[in-house]
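For reference, the structure discussed in these notes is given below.
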Amino acid sequence: MNHLLETAEKIRTMEIRGAGRIATSAAFALREYAETLKAESMEQFDSMIADAANILIDTRPTAVSLPNAVRLTTKYTASTVEDARQEIINNASRFIKQADEALEKIGTIGARRIHEGDLIMTHCNSHAALSVITTAFEQGKNISVIATETRPRKQGLLTIKHLNDFGIPTTLIVDSAARYFMKYVDNVIVGADAIAVNGALVNKIGTSQLALAAHEARVNFLAAAETYKFSPNTILGELIKIEERSIDEVIEPRELENLQNVIVKNPAFDITPPEYIDLIITDGGALPPGMAYTVIKEHLGWELKDLV
Amino acid sequence: MNHLLETAEKIRTMEIRGAGRIATSAAFALREYAETLKAESMEQFDSMIADAANILIDTRPTAVSLPNAVRLTTKYTASTVEDARQEIINNASRFIKQADEALEKIGTIGARRIHEGDLIMTHCNSHAALSVITTAFEQGKNISVIATETRPRKQGLLTIKHLNDFGIPTTLIVDSAARYFMKYVDNVIVGADAIAVNGALVNKIGTSQLALAAHEARVNFLAAAETYKFSPNTILGELIKIEERSIDEVIEPRELENLQNVIVKNPAFDITPPEYIDLIITDGGALPPGMAYTVIKEHLGWELKDLV
Amino acid sequence: MNHLLETAEKIRTMEIRGAGRIATSAAFALREYAETLKAESMEQFDSMIADAANILIDTRPTAVSLPNAVRLTTKYTASTVEDARQEIINNASRFIKQADEALEKIGTIGARRIHEGDLIMTHCNSHAALSVITTAFEQGKNISVIATETRPRKQGLLTIKHLNDFGIPTTLIVDSAARYFMKYVDNVIVGADAIAVNGALVNKIGTSQLALAAHEARVNFLAAAETYKFSPNTILGELIKIEERSIDEVIEPRELENLQNVIVKNPAFDITPPEYIDLIITDGGALPPGMAYTVIKEHLGWELKDLV
Amino acid sequence: MNHLLETAEKIRTMEIRGAGRIATSAAFALREYAETLKAESMEQFDSMIADAANILIDTRPTAVSLPNAVRLTTKYTASTVEDARQEIINNASRFIKQADEALEKIGTIGARRIHEGDLIMTHCNSHAALSVITTAFEQGKNISVIATETRPRKQGLLTIKHLNDFGIPTTLIVDSAARYFMKYVDNVIVGADAIAVNGALVNKIGTSQLALAAHEARVNFLAAAETYKFSPNTILGELIKIEERSIDEVIEPRELENLQNVIVKNPAFDITPPEYIDLIITDGGALPPGMAYTVIKEHLGWELKDLV
Amino acid sequence: MNHLLETAEKIRTMEIRGAGRIATSAAFALREYAETLKAESMEQFDSMIADAANILIDTRPTAVSLPNAVRLTTKYTASTVEDARQEIINNASRFIKQADEALEKIGTIGARRIHEGDLIMTHCNSHAALSVITTAFEQGKNISVIATETRPRKQGLLTIKHLNDFGIPTTLIVDSAARYFMKYVDNVIVGADAIAVNGALVNKIGTSQLALAAHEARVNFLAAAETYKFSPNTILGELIKIEERSIDEVIEPRELENLQNVIVKNPAFDITPPEYIDLIITDGGALPPGMAYTVIKEHLGWELKDLV
Amino acid sequence: MNHLLETAEKIRTMEIRGAGRIATSAAFALREYAETLKAESMEQFDSMIADAANILIDTRPTAVSLPNAVRLTTKYTASTVEDARQEIINNASRFIKQADEALEKIGTIGARRIHEGDLIMTHCNSHAALSVITTAFEQGKNISVIATETRPRKQGLLTIKHLNDFGIPTTLIVDSAARYFMKYVDNVIVGADAIAVNGALVNKIGTSQLALAAHEARVNFLAAAETYKFSPNTILGELIKIEERSIDEVIEPRELENLQNVIVKNPAFDITPPEYIDLIITDGGALPPGMAYTVIKEHLGWELKDLV
């Protein structure tokens, strides 16, 4: 239980962060807990596992990948403690393996959508989106990329370094210039922080502007998202919370001194409506946004009826 | 002639810059030149004025306000040197006066479009757009403003200071967050670098993204533009040139070292199509973009037939 | 002066109402005043006419047709009292004659847009719109009409009676059913309370919903408007005021008793944006909404420069 | 059988009406019938139940909830009469319970979509839509509502009374004013008479105009619908029939006397296309319209293959 | 094996062509092969069937119906050779029967969407689309058709002959005239070469232009597609290959002589995005395009998880 | 008068055809008539010229260029026969000269809109559109063209020959493939048969489909039109008549034998709404479609007031 509590604490304090790391850490912790726990009856086992699951989930109630990892790991049908224990261990291992392989699968599936000569625009610094781009490039496709700066944290600078290392011709622009260049673009590819049940995409602030400009110009808009990014709670009407981050990211505090009528807003994400998304590239296939529930059900094991 | 040549040189070297300053400096120079020149015949006078006009226009062939100022100043119907001289002097004075009063007129006309309680979004740091906002506020309307940062040069920081000084509640956001906040906005108001004959707006990079997001959300989009910003040459099919500015504005050069596959693009302006613009507020009235030619004709004195 | 003051009073108290009646009454009053006034100098004449004009205009500052009638009537170039007097008399007579003939001209011009077999939808009870419909029918075109009820005042019932008298097959529907029937419609034709300089149409509440539904279904949307309905003041940024009418039109007061949390809103008009209007049929021709300024200038005699 | 026949008759004569009451009455009748019927073999039981089911379904072939209730109730897998009888009894009880709880679940799920300070527009008088609104209000959210009158039957008057009783600030408007107020609205919430397999919404006439105006202004449009409102027959290409109601609802018959060229059309419902619907709030979760088949399958138990 | 190899060869050489004929020929060949093959163990049987399946699939890797037919036929759960053999025989027979009946089912389901008096537009010469039209006509619905010529191969001429034989009033137009007539059309119905997982329709070049024009005019757009036309591979991100056909179809080669700067492009198909498609009529029901995966899963037996 | 009557007869019998040839022939005929006519008074002269003008105009009442040519030629202000005669002669000569130079001016103005590397799509075989393309190419811009076949008369084959002679890389496609290639296109450029007062473009059937597809993909759409193509009569509400051409152009008559249920429709033109047109390139400048009236007034000399 110690390791599980430690993991829970690290997730709570955000020492462990990022949808992927949170998810695999939770699966690790549950696997270790299952391996060592002592239960005298199936009832006790059930209850201990349920407690452990809740401890983890409660650490960050709004994290999308956490309940997915916990549920997939703690789902068992066995009727003896030993069998159930083994089932959980297997579940955890399978989940971790799939999470590890997700980026590669997304790269392989997404790269099939990229044509020779394509100009691709990307935003922020998404491993999943970059996996699609670099996989296509390594298949020998002669492509180039426009990367947005992505204020306020300028993750675009990480992106251009990554693409430069692969030798992919890349152009850096400010976020405001996205529409200016959009009509020359063949595909926009971005990552995802979460996908809601209606296929809406929660991603880095500015994503929805790119999607709108792509839609205006009949440019394909692809989101690359690991299946554990799909949010079952949205079926319950739950809105995905948009984090408001420190205003220091936007402006140096001293510049605000004496500006008593000025405030700063710094939402970390925005929401791209499904009608602007052509396809979501997941490790479970390339799907239209309207199929989000199918992923939640077939990949994550949540049923409509269980939830309500 | 010396003052005129000096002015021409300053325009050429961009010591004098900004559409308004270029225009009034040219009118000043022509007035002084007209006041002092010595011509023995009307023919000589005509030719000297024509030469002076061309010297000025040739300094920055793509500046929009320059030919407007020169044409309005050097148009005369008199048949004697003294009368023509006086006509030019009067023209120049009138042009300078109108240019000086333009911001105030724009403020007065535009403020009529602002309702009590409006939330206004603005981009960059346009004197004309700010004149509308502050005039409405000084009329006692209880309004507030969202100002975009406006990368790469962050003119939004000037804007929030200006609005703060007036006591107007203002929120600063990064450019990427414009669509996120758009649905709460009542009016978007921006300035203009130039207006083409079809009503297309040339303005700070990012303007067209704001216009697109406003259009998507049925939010009014207003451009504030002095009449001398309207571009007669576009009637000839001339495209307004989009300036490509230094990449140092976007990224520190040392960050690009060793990134041999990366380039930076930094267009200063973009073009907002007329269908996204509800009204252009000028010192000559509030007009739909389709009336751009009317401004060019009635305010700037260019006729369709003269041009072709 | 007595007649003019009486007319002014009647306009102020809304004994005289309706854009057409207000306009012609003002022209009548000014004609009579001009016929009888005694002035000893041109200066005195100028000042007396200006005073009379202002008295009329001030009675209903937001009426659109009033300043148009006054300006067209009181514009003179003569330099003697008698000549100026005659000019005003002629102006008034011409204005009254044109206003009288406007409906017929609109009918003739508009009927050219109607094809054999057309199904036409109309809203409220506009004489101008009905003139187009009945003219087309009397030309032998086999047409039929859908008339909306037009809550709250149910002017649609007047419309169906009018059309019935002409023998035109007519269907009455509630306002909410407009989109349901829209896809079978060939032309929507409505009247106008005012036209703004950008071509926006101010008309009976519900008009903009019809226009939106017509636009969605690629159905032509025509507005029929006398030229004196065009609003010069909108060039100054002036918004056309939307009248809020008595809530008794919407609900019987006793039904609101004890509903202390309920209020009623009853705006009389709404604003249809120009992009949903295919053509405005005026007594001065069939024009796209973007040409509103041309009507203001060529028919009503206002210049951009005069106004600002 | 008597009770079942009585129920059938009441449904046929519309003494029992409304999707919810029809559905639960049918389930009641089938439960009572199952409790008391005498069958000597499984074959006889099967045939008697099938007959009873058909009697009910045939009473109103176009009612959407009826076949759903009958199918869910009469689905059994048991192989003995007693077991099957019990299964039907359980099915009926569960269906009735779920139908009873549906409004509350819809309220809970839908209220999660409502933010503090939201202005909500609703049309007609839907219990499901009102459940969302009042639940959100009772959670302490400071919201207000615009209710449309909903001609011809003015169900909006019921709605304002209901909302008034809860203390919710409410504004009544005529149907034509919906677009006028739309840009200030945060969410439109309406009920449903039926949902087709493609997610199209059949609801009170005027709903599709609201949806269109919401779409134009980027306002969320939510439909609240019990799962039994989803129509399995639409998978077979069946169109949902739009009831044409008495014209007396629209106009007093005496007003039509002598209007021999006038007819009245009074369709009760219209169809809102799925692209204008953001989410359907059901007792089975908040779903995008494209997931309608999932509800039909997972909640109502119909399979694509069974149907064709 | 001989028959299977012959069939494979005929598919490869396109002696057997057309999605339906390819699919049923493959099922036939597998049935015959299963009937006669000799296997000494289940392992041997499995391996022989797998080999046979691969031989067929490899003949035309991009044919959509081929893997569907092979998979549906070769799926068995039996554990003895004889049982498995029988299962395959049954699978094949069922597949062939369903394929044979598909057109009739599509006709029946689709005809329910056709109203009395409808004007239908169709493109190319699709048996499935024509089945909908002729079924509706034979049900006594008074309909008429606009058929496009369908350059370059003018399959429209086959269509008008087919419709003429049924006695259906038909109008032939060139492809360019589709938008001109669109506003009078009630339904556009076309066939399908393939349906991708996101509901995108691959069909004869020009289909997407029709869909766009229908969307612009709020005209229903229906695609008629046998379930075996749905493409499972698109879940893997696979793009459906657009065949480039001989330029001789477009222009006689001698006309190109001496035109050294001219080339000809002749893509056989284009892709209609799902947002322009109202419903896909299949032998498995009438479905929105977003349900394409459901068909792939429930009718064709592919699971998301199997594929990736 | 003989030459004038001959010309009239040739226009009537369509021996003289094409907007340009009709217009210049009429101007020629009027010039010759003016040169030789004998009038004893100004009244007689006026009446003879008016008769001659009417004879010409009546030959083809729907030709757009004919009234323009006649009006521009027969407009005089002189008060003596000799002066008026000279004025007409000068008018005719100027009109003919301008018509001759129009294509070159259109080429010069339009070419400014073409960028290095542009891919241009064109439809049919318009001299004006081709003038823009070839002028840009001869200025050294490296451009290429997609030409549509343009059924039924395949004028695209003339276009590819013309472009081939200039050495411009050209691709021929069938009309149906326009949307397929549209997203790679930078500019669509077409000619015009007529321009209505609202800026609507009457041009070869299929043009509006191209415009729609360009609009969908944010591709510029330019129409090239001589000023004499603008139609003053549309101000009167007159619709431009769409010619229905011989069905032999579409299908060989023998193919229709025995197809008694089939008819053929062959409209020669369609109408492109102004919202899909970015700019109209005329010999009088590059104008947005909303400026059509300005051309009618400033270039063709028609005033709103004269017409009604």
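Every chain is named by a letter (A, B, C, D, E and F) in the order it is written, and numbering of its residues begins at 1.
The rule is short, and it goes like this: a contact is a pair of C-beta atoms (placed from the backbone, for glycine too) under 8 Å apart; a residue touches a chain by one contact, two chains touch by 3 or more.
In this text, all values refer to a predicted model and were calculated from it rather than measured experimentally.
K.L.:
So chain C and chain D are the same sequence; what rotation in degrees superposes their CA atoms, nearest 5?
P.N.:
So the angle, rounded to a multiple of 5, is 180 degrees.
K.L.:
Comparing the two chain pairs, does A-E have more C-beta contacts than A-F, or is it the other way round?
P.N.:
By the number of C-beta pairs in contact, the winner is A-E.
K.L.:
Chain D to chain F: how many Å between their CA centres?
P.N.:
Roughly 57 Å, centre to centre.
K.L.:
Give, as an integer number of Å, the spacing between the C-alpha centres of chain F and chain E.
P.N.:
Once rounded, the distance between the two centres reads 44 Å.
K.L.:
Multi-chain contacts only, two chains or more: what residues does chain A have there?
P.N.:
216, 275, 290
K.L.:
Which of line, ring, star, complete or other matches the graph of chains that touch?
P.N.:
other
K.L.:
Output every touching chain pair, sorted by label.
P.N.:
A-B, A-D, A-E, A-F, B-C, B-D, B-F, C-D, C-E, C-F, D-E, E-F
K.L.:
Sort out for me which residues of chain E touch chain F in the complex.
P.N.:
Residues in contact with chain F: 149-152, 157, 160-161, 163-164, 167-181, 204-206, 208-209, 212-213, 216, 250-251, 255, 258-267, 270.
K.L.:
Under the definition above, what is the set of chain D residues touching chain E in their complex?
P.N.:
Result: residues 197-199, 234-239, 273-275, 290, 292-293, 303-305, 307-308 of chain D touch chain E.
K.L.:
Can you list the chain F residues touching chain B in their complex?
P.N.:
105, 108-113, 275, 278-279, 281, 283-288, 290-291, 294-295, 298-299
K.L.:
Which residues of chain A touch chain F in their complex?
P.N.:
Interface residues on the chain A side: 182-183, 216-219.
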